[in-house]
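Accompanying notes for the structure given below.
Order of writing sets the labels: A, B, C, D, E and F. Residues in every chain begin at 1.
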Amino acid sequence: MYFNDPRLQYPVRVDRPNPAFARALQQAIGGVEGEIRVCMQYFFQGWGARGPKKYRDMLLTTATEEIGHIEMLATAVALNLENAPISLQEEIAADPIAGSVLSGVNMKNILSSGLNAMPVDSDGIPFDMSHIYASGNIAADLTANIAAESTGRVLAVRLHNMTDDPGMKDMLQFLIARDTMHQNQWMAALEDMGGVQENFPIPNSHPQSEEKSEFAYTYLGFDRAGAPPVQGRWSEGPSIDGKGVFSSAPSEPMGEEPMLSPPRMGGGAQSGQMGAKSLIDKIF
Amino acid sequence: MYFNDPRLQYPVRVDRPNPAFARALQQAIGGVEGEIRVCMQYFFQGWGARGPKKYRDMLLTTATEEIGHIEMLATAVALNLENAPISLQEEIAADPIAGSVLSGVNMKNILSSGLNAMPVDSDGIPFDMSHIYASGNIAADLTANIAAESTGRVLAVRLHNMTDDPGMKDMLQFLIARDTMHQNQWMAALEDMGGVQENFPIPNSHPQSEEKSEFAYTYLGFDRAGAPPVQGRWSEGPSIDGKGVFSSAPSEPMGEEPMLSPPRMGGGAQSGQMGAKSLIDKIF
Amino acid sequence: MYFNDPRLQYPVRVDRPNPAFARALQQAIGGVEGEIRVCMQYFFQGWGARGPKKYRDMLLTTATEEIGHIEMLATAVALNLENAPISLQEEIAADPIAGSVLSGVNMKNILSSGLNAMPVDSDGIPFDMSHIYASGNIAADLTANIAAESTGRVLAVRLHNMTDDPGMKDMLQFLIARDTMHQNQWMAALEDMGGVQENFPIPNSHPQSEEKSEFAYTYLGFDRAGAPPVQGRWSEGPSIDGKGVFSSAPSEPMGEEPMLSPPRMGGGAQSGQMGAKSLIDKIF
Amino acid sequence: MYFNDPRLQYPVRVDRPNPAFARALQQAIGGVEGEIRVCMQYFFQGWGARGPKKYRDMLLTTATEEIGHIEMLATAVALNLENAPISLQEEIAADPIAGSVLSGVNMKNILSSGLNAMPVDSDGIPFDMSHIYASGNIAADLTANIAAESTGRVLAVRLHNMTDDPGMKDMLQFLIARDTMHQNQWMAALEDMGGVQENFPIPNSHPQSEEKSEFAYTYLGFDRAGAPPVQGRWSEGPSIDGKGVFSSAPSEPMGEEPMLSPPRMGGGAQSGQMGAKSLIDKIF
Amino acid sequence: MYFNDPRLQYPVRVDRPNPAFARALQQAIGGVEGEIRVCMQYFFQGWGARGPKKYRDMLLTTATEEIGHIEMLATAVALNLENAPISLQEEIAADPIAGSVLSGVNMKNILSSGLNAMPVDSDGIPFDMSHIYASGNIAADLTANIAAESTGRVLAVRLHNMTDDPGMKDMLQFLIARDTMHQNQWMAALEDMGGVQENFPIPNSHPQSEEKSEFAYTYLGFDRAGAPPVQGRWSEGPSIDGKGVFSSAPSEPMGEEPMLSPPRMGGGAQSGQMGAKSLIDKIF
Amino acid sequence: MYFNDPRLQYPVRVDRPNPAFARALQQAIGGVEGEIRVCMQYFFQGWGARGPKKYRDMLLTTATEEIGHIEMLATAVALNLENAPISLQEEIAADPIAGSVLSGVNMKNILSSGLNAMPVDSDGIPFDMSHIYASGNIAADLTANIAAESTGRVLAVRLHNMTDDPGMKDMLQFLIARDTMHQNQWMAALEDMGGVQENFPIPNSHPQSEEKSEFAYTYLGFDRAGAPPVQGRWSEGPSIDGKGVFSSAPSEPMGEEPMLSPPRMGGGAQSGQMGAKSLIDKIF
């Protein structure tokens, strides 16, 4: 169950409203790297966490924090839109980025939301929940979270470098720091569960003796001329999960060319796919 | 540039066609954990790889392998649908899962594709390319790839455990082994780039001295009553990236309640939001 | 800013787990009538509320409640899936709905989430955030909320009538009661703002003297033979907003047939659309 | 069954073509507040209307009108794009909004449709039919229609205020007037069915004695410190549906912390979620 | 402008309601091969038709017909759902397809629409308008229409073969006949414009002398070993457009390996992509 | 199975990087007319091709070519973005299109991909796989392919005409030539299967004697006043498939007004739809 406080987690201040930056900030709300994604991802992972209770607690705790991050960013978008043009006749010169402001705003931030934030990305695409990765396997979920916080921090850094507004830079440095923690937090949870060697390959509940082990630690090349694939840490030495030794090799087909049966009568295919057209004519 | 061979990478054999399993296999083609996703993700990461050339080569090599995996699974779906009912009047008793086969098939596998695979998931949802994570930051991309191969292997194991068809089990054990390698491969690439401590927090090109460092290694609790958050590896000891020390604390709001300005005249809001209705009436 | 408590808002109990009912409950989580929708809708409306502060407070308060409803339903889905088949070989007889259980489950609830809830509807479609209506006009938002709670309560009633599990019925009667309140709450907020006559037509900040008033209170018929349209409260008497008198009439075209200019040279159209092909040949 | 007339319902005239305004008008075609939405919504509501025939007739009548509105807007978009640049080398100075025209146009209006309207919103997002609310409950449908016409009229007013083209203003004042009627029309239909007190809470066919009535008229607060929620018309006095009396109260959890069972063997979870890893090893 | 008649274009009769067939029929409404698609495609092509007026007229005429087809199918879905189970406790034996009916129905046809048609496909996916191909090039549009009516008639035939209900078969044979006409109609319109040789390659307004003509009529093979590609009508003889002669050849790369510049400072990439980490440290 | 070569199929050269053109090129990657679409369409058609093996071979061969086209375009996008602004403070004057560059770029090409290509269209919409038409009927698939290559070549021509960069024009003239071939190739494959008269109406395996033949070759008009529909090649003379003679006629309804039964008790409808409210009250 959840509770609220009308104040923000961290101050949000915009010194010089900039509608083009409002558009950019939308990516951190409704983009696939954004805060709705991590918020909902941690909630669904937590609500479905089976096994040790502490992971559920941690997931729901951080999910709760992320609502507050969406709130901060939604506030930042609204503040950046304060002076945005809402008419094609307004004085363009009054805008911080001369000459291209209306073009640079997501139209829906004007037409659909009345100069407020929306759950869309920087090109106006609504977030869709297929991006909520909650697999029922906690280690897999943690890798998804590390990835989400990595692209999330990349985005926050790009936004930080895009603006010179001191208020916005301050807010973003806070969010960047939280992403630092969250990257570390999910890696620490993985270590708490036993670390890479205990947990990989994910899922670790499948007996590796049954998989085709001759393909489990080989880096395969697919150069058309059979050249060996590019070498690196992945092509020799012990595997990262500690359960194999890397090797590498070019590939050759091991299977045959597939043969599907012809379409069935009545299946809506073309008669030429089933045999002679004249034959078909006779049948009907 | 790309080339083909009409044969499959690994043999695909279905001993007892099962339309319900065809439906399940669709998840491995067009699901967010599926092969179209990793194929396209590695391609776009590779085509956009800036920096050391070897990562581009490795990404495009494995992307090329993944086309062959989609092909194997598409073949498996078609073979499992060989005897599927295409009429509501067909003898249901002839089916492997008595009584519920037509219900258990994605209708589109009958109506739209003529008993073939489609680029959709196990509930018939078409794959959408927003799931292709290619951030321009190679370390972030690698974490996305580790995550993708983790959920991918979880899915392959679930599919393996769902069927008792020997041919399908054999194919899946091959794909499971390749997922083992690919998890290790992307972790090895991260190690090749310097490992966790060199690369985290991602991006490592943002000077950490500028982020709000007091929040960068603190696990924050959001218990309404101020209880300390659940403790673990993430709340004390050195951080995983080696650049901080974990601590934990309950949270309090640091910001104020946001104040947005009232809607502007002509902005399509309600007059009651702007001030007295009677005032509005006077203005117009 | 937001806080949590590990307990649920209201008890969730499943007496006889039923995977088919888990599928149905997904509609109340990720369907367009579901709880993610109202939760996110009230949050974005609240974060963007301009004008009297009390509406912002009320919106964020109820948004916060709705997170807890998603949590309750996610728990209910997981509990209903406790005994779901995860193999096509499992004994079907052990299931509450004999013969069709695996067919009746969303495959992704098995394959993608490990028998947990997902942010998808009852056919496995992920929720997408384009359904978050937050217009910047509070009265328009309130009508959207009345509508959302109306279809939401219809759904909850259908779910209630679909199950005979006492625990599930108890939980749903709680959610139905909350929907009763929320329908009333948004209507009360509209009354708080002055009621129907003060607020309609929405937006009330557009001077009605400027709209084409001869069409503003006329119910138009489009019967091909010019028959008068079906009569009712909408075709005579004072209008509901109190600003006009209803009438009705059949329609005739008032505009001309549109004439678009031919495609431009170099615009990728067919030469036959631009004029004679031979002419085109001469030009190039 | 449907028929057409080549003329428009109302004249569409563009005095000074403006590609940026064409982009904005797209929102009224393919946005969630747009005409495709209401057209298809009324059609599906009408085709599925069960009960008194007059509501079906009215729904299909107005649905038919809305096709003509899409047609008018599509014409307006095409006319506004007449002089749009189709080359990055064209003289930008010749455009009505100097300096930013090509940036301000949806690229697809040039590249995909050849300077014509598309069924997309102002940011180029295609309309999707999940926005067609047709619940089988006529009162719920009417609330959805009131909401749709409210956001629709807000949008039309914003578009009207964005342009200074006399032809476009004239067309929009016609559409604004029709939205005035349609808001009133759907409210009148609700009154025709007995009004708010007869119909709410929707659905009125669920016996309210069975719902948890202690929660049916209480405005719940979720302030973390237990402060009472903001007061208003929704917290005291008779409820709007006339069936209860409003009250308000802070909330406390009534349920327990949920306990899900551990993942099952073979379900693709991590061994650490199921118990000791060493145990798992013994089992396989 | 459009008009309606309350009667159907062709009688719709269901002799034995079958909810599973209702699900299948949804594909013909909201599937990509369905009637919403052709209806909206012809409307948008017509509204944007530039050039000879007769094509606009023909497109809008047939678009108008298609609304009536959606109406017929929506009626058929509702009639097939008349006796569908709405409770998990109802007698299953009363259903036409024993044992799997509820599983075989799209849940949303029960939960969201109250046993009515929805604008979704047979797996419950809402139609999205990105499938409306209206390119501004009439010949390209006609090829899209031929394709749409081809897959549409394949679908109608599959539906016809799936049912043994005489009423449904009668309706489908009408729709199949209309698809026969529409396939012919769009091919006839192409002939009306001058036929294949006049119109292909589409667009015919691009001077072929400028394209890389050595690749314009060559069937390229991509066999990894350089084997010649499979021969057929496409590899020798005059080209279908009459403007070239087919040949065939294996392919070799003509370009170089691409070299992208390293990521820029401040662009959020990894320092290892830009050069030495120590260098980066110095810069900041 | 598939193989790669690190070189490009054809040289990609950008003489003057132009971020606005990068945005336009995205349509050729992730637009519905783009290369991902044809690539995946030909792959799925090929993997599911039942009947003569040569069509499978041809489809997979050309699918393999199309991967290389995506690669070329992805390279072109990255090269056009080389100098794109990544900050709202950068000198705008340094850009090729003064004054509107940042507005003219898809924000995600900066924020999400680090100045690289993405699988999205020119307005940033991700490609979704519902556009992969693979029907199991080869003739229907070929018509879909002709259509895809027609809109594809229209797009390529528009892109060619939009730019004056010699490198980009050279690459596009190569792609335009390949589209010329592919249009011809799919038409040739149709001829190889017997041509229009052998294959139409598609599917040709449905006995035409069973369809309602009186509607199979009649061009129907829907003018509200009963005017005859516009005449052309489609209204008289032999049909294109050679199996009928065209005629034309205005339409009249042949069906009745549909009568649906009232909603069922417990189905969540309004009591007014089922009968008297007082009756309902008695029942419960």
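By definition in this document, a contact is a pair of C-beta atoms (placed from the backbone, for glycine too) under 8 Å apart; a residue touches a chain by one contact, two chains touch by 3 or more.
Chains and their UniProt names: A, B, C, D, E, F = Manganese catalase family protein.
Please read these numbers as outputs of a predicted model, since none were measured by experiment.
Shared contact partners of chain B and chain D comprise A, C, E, F.
By residue number, over half of the contacts seen at B-D repeat in one listed pair from C-D, A-F or C-F, namely C-F.
Chain A and chain B have Cα centroids separated by 8 Å.
Work out the mean CA point of chain D and of chain F, and you get 27 Å between them.
Centre-to-centre spacing of chain A and chain C amounts to 25 Å, using the average Cα coordinate of each chain.
Contacts with at least two other chains are made by residues 1-9, 32-33, 47-48, 50, 57, 61, 64-65, 75, 78, 86-87, 99-100, 103-104, 112, 114-115, 120, 123-126, 128, 130, 135-137, 139-140, 151, 154-155, 157-158, 161, 202-203, 205-206, 222-224, 251, 253, 255, 258, 260-261, 263, 266-269 of chain A.
Across the complex, chain D meets chain A through its residues 18, 20-21, 23-24, 27, 31-33, 97-101, 103-104, 121-125, 151, 154-155, 158-159, 161-164, 222-225, 251, 253, 255, 258, 260-263, 265-274, 277, 280, 284.
For chain B in complex with chain F, the touching residues are 1-9, 30, 36, 40, 43-44, 47-48, 50, 57, 60-61, 64-65, 67-68, 70-71, 74-75, 78, 112-120, 126-130, 132, 134-137. The residues of chain E lying in touch with chain C in their complex are 1-5, 47-52, 86-89, 99-100, 102-104, 106-108, 110-112, 114, 120, 123-126, 135-140, 193-194, 198-199, 202-207, 209.
On the chain D side of its complex with chain C, the touching residues are 3, 5-12, 32-33, 54, 57-58, 61-62, 64-65, 72, 75, 78-79, 82, 86-87, 114-116, 125, 128, 130-131, 133, 135-137, 139-140, 143-144, 146-147, 150-151, 153-154, 157, 160, 173-174, 176-181, 183-185, 187-189, 191-192, 196, 200-203, 205-206, 208, 210-224, 229-230, 232-234, 239-241, 244, 246, 251, 253-258, 260-261, 263-264, 266-269. Of all residues in chain D, only 154-155, 157-158, 161, 224, 266-268 touch chain B in the complex they form.
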